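Structure, as structure tokens:
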Amino acid sequence: MRMIGAICVVALLSGAIPAMAQDHEGSKPRARALGVLFDGTPGALNAITDVAGVTVGHTTLISGEGKLQVGNGPVRTGVTAILPRGKDSMSNPVFAGWFSQNGNGEMTGTTWVEKSGFLEGPVMITNTHSVGVVRDAVIQWRVARQEPDPTGYWWSLPVVAETWDGWLNDINGFHVKPEHVFHAIDSAAAGPVPEGSVGGGTGMICNEFKGGIGTASRKVAEKPGAYSVGVLVQCNYGLRPNLRIAGVPVGVEIPEYPAYGGKFSQDERGSIIVVVATDAPLVAHQLQRLARRVSLGLGRMGSLSGNGSGDIFIAFSTANSGAASSQGLTQITMLPNDRMDPVLAGTVQATEEAIVNAMVAAETMTGADDHKVIALPHDKLRAVLRKYNRLAQ
Amino acid sequence: MRMIGAICVVALLSGAIPAMAQDHEGSKPRARALGVLFDGTPGALNAITDVAGVTVGHTTLISGEGKLQVGNGPVRTGVTAILPRGKDSMSNPVFAGWFSQNGNGEMTGTTWVEKSGFLEGPVMITNTHSVGVVRDAVIQWRVARQEPDPTGYWWSLPVVAETWDGWLNDINGFHVKPEHVFHAIDSAAAGPVPEGSVGGGTGMICNEFKGGIGTASRKVAEKPGAYSVGVLVQCNYGLRPNLRIAGVPVGVEIPEYPAYGGKFSQDERGSIIVVVATDAPLVAHQLQRLARRVSLGLGRMGSLSGNGSGDIFIAFSTANSGAASSQGLTQITMLPNDRMDPVLAGTVQATEEAIVNAMVAAETMTGADDHKVIALPHDKLRAVLRKYNRLAQ
Amino acid sequence: MRMIGAICVVALLSGAIPAMAQDHEGSKPRARALGVLFDGTPGALNAITDVAGVTVGHTTLISGEGKLQVGNGPVRTGVTAILPRGKDSMSNPVFAGWFSQNGNGEMTGTTWVEKSGFLEGPVMITNTHSVGVVRDAVIQWRVARQEPDPTGYWWSLPVVAETWDGWLNDINGFHVKPEHVFHAIDSAAAGPVPEGSVGGGTGMICNEFKGGIGTASRKVAEKPGAYSVGVLVQCNYGLRPNLRIAGVPVGVEIPEYPAYGGKFSQDERGSIIVVVATDAPLVAHQLQRLARRVSLGLGRMGSLSGNGSGDIFIAFSTANSGAASSQGLTQITMLPNDRMDPVLAGTVQATEEAIVNAMVAAETMTGADDHKVIALPHDKLRAVLRKYNRLAQ
Amino acid sequence: MRMIGAICVVALLSGAIPAMAQDHEGSKPRARALGVLFDGTPGALNAITDVAGVTVGHTTLISGEGKLQVGNGPVRTGVTAILPRGKDSMSNPVFAGWFSQNGNGEMTGTTWVEKSGFLEGPVMITNTHSVGVVRDAVIQWRVARQEPDPTGYWWSLPVVAETWDGWLNDINGFHVKPEHVFHAIDSAAAGPVPEGSVGGGTGMICNEFKGGIGTASRKVAEKPGAYSVGVLVQCNYGLRPNLRIAGVPVGVEIPEYPAYGGKFSQDERGSIIVVVATDAPLVAHQLQRLARRVSLGLGRMGSLSGNGSGDIFIAFSTANSGAASSQGLTQITMLPNDRMDPVLAGTVQATEEAIVNAMVAAETMTGADDHKVIALPHDKLRAVLRKYNRLAQ
């Protein structure tokens, strides 16, 4: 069970991922630029990083070709880190809540998120069989940086989620290693977020097109202030015929080359992990509610949340810095329930757009056993939208 | 706080409601007949009553006009009863599960549904301020029929849900009385289900069009057998601009005459109660999962599940008659999780269609303080669907 | 289905209940005075009313004797109202959370408590078959006092819980009426709380002794301030052999005259509703956690939380007055999670004592069909505690 | 971060653990033999393995002494595996449910246990910072044994729980390795279960005495059949003054040598993981209820379930072999809710006894930084029980 050196080289070269991101920004249109219509007003980056303080890092592992040899590859996987407060995420927890629409998946750390009301540290996303190594590596990362309580009375319950990339990736080869986790955390940055086949999303499949990481955001006009809500998805769910984009039956109109080669029954094989960030001052129980709005965004896309799908969502607020302090009483600011509607709406809208962005960004990939998964063809997408009078401009 | 006699007369005359139903069937098209496109194959009635054994009864209370006088009307309200096993519903509970997408509402009896895994007796739906009278009246109905355990050691925890009709109805006049509850239960029948402004849905508003009761069903082809899933909604949710029908932005295209007269802020004021029935042999924990699929159907319609919305769903299976017996061990049949996908899909699809059916069936209504809520105009709906190339035929 | 006038007279005469309370205070010892040992330090009243602002009111309905005639009695029931902020409870909600240890019971309004994080209005407790009338009457009470939003855009989702008193009371006679609800709310007061067979607890049975209402409190020393936690129970649960008091197997030692006359199988027939109040500044998700500590107090008493038991708990904090305002942002104070332990401990301890107080206060009662339920005999209790070296002094 | 070879030798020598077990059985009394009184009738082994099919394996890692050097030790940790159906546990899932009394801990895999209703594979317990390695190693174990679906379309979501042993163990040295996981699974056996400082419980502390693994069982007489319920705990919770044994205030009576040396504030630092097994035919939603009864057993012990405690429980039933098959419809047998009381009672009783067994079995241990944690002194325990007239015989 060795790793092919080249993977690490590719992944850990500091230039690799920014280059990919640049490439993405430079030449590749996102869904909105292709003419897909969405509700609401996006932030400057139309990304989760529009919520100030949030940083995102990816480690992308791609190596090998041809027949699957467990332990040798091909490798099409990775890790994504979302840090709510960037470098301060470890010591300054954020209010958070989570929701499992359909639990055929894993998100560790949620029992304490639910009871404590806080998320401490990053949210990590990887493949299904690498959740463990990523979880422990987050602790190792902290231990190595001497962040734990010097008394030694300290423990950590990292949040790590996953989707399954076993169609393209040697998932049982366990190719994600602690250093890939460190890299994702250490390289997390503000600014544009690389999308598509990157990080944890590298080997993912969405509505039988190539899937992966996608993101979007909304400006939320609310009287007490102007807030943002940002969404990042690792999307791996769905069957082609159910896919709707902007309400249009895109999946029915583009039936060609469905993934999985008809090998399995027509059951949902995928999953989707969604991370919602906002700077609106929502507290724990409100963020539990926010996380539930992701289901409505999925509904717009035509998702059925099949039995095999792990549709698990987490939401956090970057407001109330210092709220988790245990010194004396904590003063916190709360957006009244009666004023939550714009944030709820922004979450639904940004979820919808982030999923489309993931499919639009991802490129056709060939992986294990020469399985090929095509990208959503941009020209056909535009043609279908035009047919239904839903192409912008 | 008296009731205008005519109301009771209208409601309790045995011919009244069947006539209304007949009228509905005879002359009024349902959504599908208008050319709205939906996924999946409906059952014979395209109603929750396609699930054998399920019966539905309505008591509709309409009387008075003009200025609201609390206690005197105008009255625009009612009660709907859904009996999972018809007359046997009291003595032969069904496996059930529930879900609260957004809990700004009431569904009594759910703590025991959740823990016991069973629903005993009917599901009742009424207005927000009449939940109590309906709840106790269900018990009275049983007591009067001598159904309780003759030892006297017996109690009942009825399931009663609600949405708010205070824009059209004198909701604080408490016009629903025990006899209206008895009538809804006693008159529950198989066959076509009256839709629109009937029963508990009488005074409801949906996406700022007239709302109310709607229903739909799906045939679920599944290898171990052929099952049905049926959905009944009491829909009262939503803001006009968010309304999508068949993926088309109908609400934006038909902005005229929004309800509530711009009196309130643009916050969600409504709610939706959804009852899902199936004859697929699902057990309690599977029905909890089924109930969560309603959110995906709501998502298709553009719902944001606003803070003010009570979006509460219950699902039951009519299979496994006798499963709640306390004599010895119970033999039950279970559909494997791996075979649930068609039932999950049917629930999403039937939810979507039932909501549109409710709006299509409801007619323009004027109620308290001469508030007028228009029906979804059939001709405009067709025109909009045609504009987006989504009109059938 | 008439009510015997004398009941109302007894119940509604303003002097009646205070007299009973005085009697209780004046001559009857509480558990602690009998020598039962408990952990922690009680507040001045050792009652839920030690939490400043909390008021409690009872309507007690006792009339008739002899054979049960449904609708005629005998009547042994009532209603209890707990108002978190006294008269301000309607307009100034409190942060709240709830928990269902075993859901064979009802607590209405909980879906919105859970999602909103707030409790608006009183917590009412009554018998199982009167939940509906009490619920709607709370709304009527508000309507009659013109408290609703003058725009008419207003609804209420009252919290009403219950336990079953059908062994002593004509529960299917539906003797609780709206005026009894109004009386309980209107008469709610600070100060000592009448315990035993009063209010909703009138006809209750606990560990096969006479049960009912009990209360206790703890002073919670916590560095950021000195807080109180108060508990009120309506206890109706348990089988005699399982009863432990102060860890001593009291139920086994006093096997005489178990309730229910051996008529039923040895299954749990009862329930317990527990209301936890604190002035510690806990927010919604923390109060959900607090509510779960009630189970640990029940565990100390030997409870098994049988299948037939409706063990449902609600916790609220009177801190953060005005937190539910929808004007602008809300500034709230939060006790850090790390400082919750004393409040958690106080809840467990006060739950234990409140249950014993209920049994100690209740007197032997004969009700429907001459069913007689004995009070926990004080002298024997002391003797048993002495036998196990657990009698104070 | 190397491992000291001797640890592995000790742990993996096949004779090591049986020897320890034998030693335990041979010479060391369990709680009941010491004269502690418990309710109910234990099974033949008074262990979780009284439930036919259940096997338990431990890997115990003990090496090094003196000052903590992160990565070098001292090591006082391990892994415990509970296999519901022994070797068939991977391919033949059991109905299961879980509950988090207080979530300051981790149990992976629970989102799918909750939604699917099944537990597939073992329940593993280890220290807080080794959950990840154990989780992935369970998958590796399956991959190595070629158990996955040969189509390659397969994933696994192992259930792994933890408590914190950082007072005695070099927890940040990450000494648990995949081979220790394989050993625990491979060595799992029926028969007596080693208790105390073994497996995942090696470095644990309970009520400030030495804690660890404990187990107990109850015969459950129930008309449809005779069932067993077995409990296994990894106990690490509690402060000394709160400890009650058989209702007696043992913690107050034996205040000597509390753990943690007064270094930290008097907050709960520990946790408890509880696994409940039964052969009673309970289905998923019933097992969720069963898991909640563990809290009542904890209550009997005086637990307050402090903020820092991860009190997480899982319950499964070995009945209904084959119920998770996805071939056609599944025929399952269900114990009626009305007949659950004996199983609920057995769970409370066995939880109480398993915790005491853990403390009785564990011996005084010195670990990292020469921290010493004393065993519960048997003679003093007996003396205290005698003082309160609660010593058997």
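Letters A, B, C and D name the chains as they come in the text, with residue numbers starting at 1 for each one.
Here is the rule we go by: a contact is a pair of C-beta atoms (placed from the backbone, for glycine too) under 8 Å apart; a residue touches a chain by one contact, two chains touch by 3 or more.
None of the values given here were measured: they were computed from a predicted structure.
Here the chain-to-chain distance from subunit A to subunit C, counted in touching steps, is 1. Compared with subunit B, the chain whose C-alpha mean position is the greatest distance off is D.
In this assembly, the C-alpha centroid of subunit B lies 47 Å from the C-alpha centroid of subunit D. Rounded to whole angstrom, the centroid-to-centroid distance between subunit A and subunit D, based on C-alpha atoms, equals 35 Å.
Along subunit C, residues 102, 114-116, 289, 337-338 each make contact with two or more other chains. Interface residues of subunit D facing subunit C in the complex, by the touch rule stated above, are 39, 101-102, 242, 244, 246-249, 266-268, 289, 292-293, 295-300, 302-308, 337-338, 340-341, 344-345, 348, 387-390. Within the complex formed with subunit D, the residues of subunit B that make contact are 114-118, 223-225, 281, 283-286, 288-289, 323-339. Contact residues on subunit C toward subunit B in their complex (touch as defined above): 68, 70, 100, 102-112, 114-116, 128-137, 139-140, 143, 148, 151-157, 160, 164, 166-167, 171-172, 174, 263-264, 269, 310, 312.
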